[in-house]
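Working notes for the structure below.
The first chain written gets the first letter, and so on, giving A, B, C and D; residue counts start at 1 in each chain.
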Amino acid sequence: MTPGLLLLFDLLLPAVLLWLAWRSLTSSDLFRAVILFIAFSLLLALAWVRMEAPDVALAEAAIGAGVTGALLLVALARIESAAGRRLSPSARWRSAALVLTGTALLAAAAGLLWSLRLLPTMPGGLGPLVDRHLAESGVDHPVTAVLLNFRGYDTLLEVGVLLLAAIAIWCLDEAVPFLQQPLESQLLTGFNRMMLPILLLSSGYLLWLGSHAPGGAFQAASLLAAGMLLALFSGASLPAQWSGLPLRLLLVLGFFAFLAAAIIGPLTGRALLHYPPAWEKPLILLVEWLLTLSIALILTAAVIGGRPTGSRLYPPPSSPSAEGRRQ
Amino acid sequence: MDPRDILSIVFLLAAAPFFLAGTIGLLRFPDVFCRLHALTKADNLGLGLIVIGLALQADTWLQSARLLLIWLLVMLSGATVAHLIARTALRAGRKPWSGRS
Amino acid sequence: MTELCAGLALFLLVTIVLGLIRIRRGPSDADRMLSAQLFGTTGVAILLLLGQATDRSFWWDVALVFALLSAVTAIAFVSRTEPAETAQEQRDEHGS
Amino acid sequence: MSVSLVYTAAGIILFLLGTYGLVAYAHLLRKILAANIMGSGVFMVFIAVAGRTPGAPDPVPHAMVLTGIVVTVAFTSVALALAVRIARTSNRAHLPGRDEEQR
């Protein structure tokens, strides 16, 4: 039974979420919009928890609190340094456009809300089906089983999408100095010394957790990426000899390992992504480890936002003198 | 009622004022340095009391240890972030409130 | 106990709503970042309480992730505004 | 089960808010935020509907939303890189429009 207070919580939380989304879209200052969006994704994780979706909540917490916030703030700073800190004025409409858009949105709202009535009152869902085949999947957690076994091609293509994103970002521009000047702080250095091992450890913990409970490669990769971001913020760079072929190989490693595991099936007379029965667990775990590494690097590269250049550090340091010092 | 439950309830109820104080401080204090001071009360004491209250209810010591780890991590992050934000504000030329304005 | 935890979680959600006023008012970006930081801590507390109220302690893993990452966004913010001198110089150049 | 309906309705409204933001604002960063909010609305409908099954929630929509979150991150990062490039090349970060004409 849901206690009354929890019900109140469930009424207040969506209201706050809607308010945050609305303010994030309408506030004139873009920095405020970004902060409101960060708060929005934070509370969204609470909503996933309330809806009993711990995997999604973990992913939202890991990505929303770490990578997305950094991604938005870094991009906003770059946009503002190029285009100036400018208020984004609220929309001014031609009246015909306003009427058209308003009607379309209201019609869509009415249609979607009305379609709620079409939902079956006693839904069966695919849960029982998944549970029946869980033993064959090699892992004990239904969501991981769906992700890496039953619907493995989704996950394969999703990693492909991430890889393509990294390639697209690298095509767009060369990496610019990540910090305009190094963030020199003894405290941050000490903080990183403590946090980086902890983040590495918890990333491994989430990965291990994924085989029998909520967790998994993407969540683990987000934690790892957050660790790399912390290092970047305190001025770390990848040496030039690593930022060429080795980095590129590591970026594609996860995708190709998954692909290799996927075509074991056709080679041994099974369907694509059907693993040999005795090898399911080790294969899934190996693929997850490599995926974690690659996804973490892809996310970090996305925040850096550009490709490494020839013989320089990646990302390049803020001043040429620092380059000599650090190498 | 189990004395452990009573202790838990006392700790949990004691936590609420600190979060409220943190929020009110955030709203009412005059500048960013004072607001940092209010914020860290929620980080350290508010969350700490909740962690203690819940740790008393935990079935195994591992669960209590996990709760304590969460608290330590939040305190560690809170302290670092408070320092960095204060430093940034100071370098950006904001003068701490001196009670005159 | 369940009722108490749920009630406290609700109370904390209300304090988040109050904290939104500071994001609205600012006046500086640092103030807004502070509110987001407070939301992070409050979010951790809400997750812990909800985990207790509904007897699902694996939600504490979500709280753990929150706690681990609560510094990342703020440090990104600081590194964005930190070069106070350089940014000031650039603004002066543009202004003149 | 009314709780799941509340979240479903909230998800639908989020999606429409996002659509409005995507259409109404010229600034690229705002459009990216709006598209993210649209996505969150869709995810919320998925998860809320998955929660209606008796017993444990349906794991298949959860897995699909996880995939969706990853794709959202990928799209957000590419869109942001594009916006930065546009801002660097043209010194502005919004689409030309009526505001421009009036200036």
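Just a few scattered comments:
By our rule, contacts are C-beta pairs under 8 Å (C-beta built on N, C-alpha and C of every residue); 3 or more make two chains touch, one makes a residue touch a chain.
This one's a predicted model, so the numbers in the text were calculated from it and none came from an experiment.
The chains that touch both chain A and chain D are none; no such chain exists.
The chain pair with more C-beta contacts between its two chains, of B-C and A-B, is B-C. Here the spacing of chain B and chain D, counted between their Cα centres, is 32 Å. One simple way to say how far apart two chains are is to compare their mean CA positions; for chain C and chain D this gives 21 Å.
Taking each chain's centre as the average of its CA atoms, chain B and chain C sit 12 Å apart.
Distance from the chain A centre to the chain B centre is 28 Å, each centre being the mean of its Cα atoms. Among the residues of chain D, none is found touching two or more other chains. The residues of chain A that reach two or more other chains are 50, 76, 84, 183, 188, 191, 195, 198, listed in rising order.
For chain C, the set of residues touching two or more other chains reads 33, 35, 64, 68, 70-71, 75, 77-78, 82. Contacting chain pairs in the structure are A-B, A-C, A-D, B-C.
On chain D, the positions that touch chain A within their shared complex are 3-10, 12-21, 23-30, 33-34, 36-37, 40, 43-44, 47-60, 62-67, 69-71, 73-78, 80-85, 87-88, 91-94, 98-99. Those residues of chain C lying in contact with chain B across their complex are 1, 4-5, 8, 11-12, 15, 18-19, 21-22, 28, 30-31, 33-35, 37-38, 41-42, 44-45, 48-49, 52, 57, 60, 63-64, 67-68, 70-71, 74-75, 77-78, 81-82, 84-85.
Within the complex formed with chain A, the residues of chain B that make contact are 73, 76-77, 79-80, 83-84, 87.
By the touch rule above, chain A contacts chain C in their complex via residues 3, 5-6, 8-9, 12-13, 16, 19-20, 23, 27, 31-32, 35-36, 38-39, 42-43, 45-46, 49-50, 54, 57-58, 61-62, 65-66, 69-70, 73-74, 76-77, 81, 84, 179-181, 183, 188, 191, 195, 198-199, 202, 206, 209, 213-215, 219, 223, 226, 229-230, 233. Those residues of chain A that touch chain D in the shared complex are 2, 7, 10-11, 14-15, 17-18, 21-22, 24-26, 30, 33-34, 37, 40-41, 44, 47-48, 50-53, 55-56, 59-60, 63, 67-68, 71-72, 75-76, 78-79, 82-84, 86, 88-89, 91-94, 101, 105, 108-109, 112-113, 116, 119, 122-127, 130, 142-143, 145-147, 151, 154-155, 158, 161-162, 164-165, 168-169, 172-173, 216, 218, 299, 302-303, 305-306.
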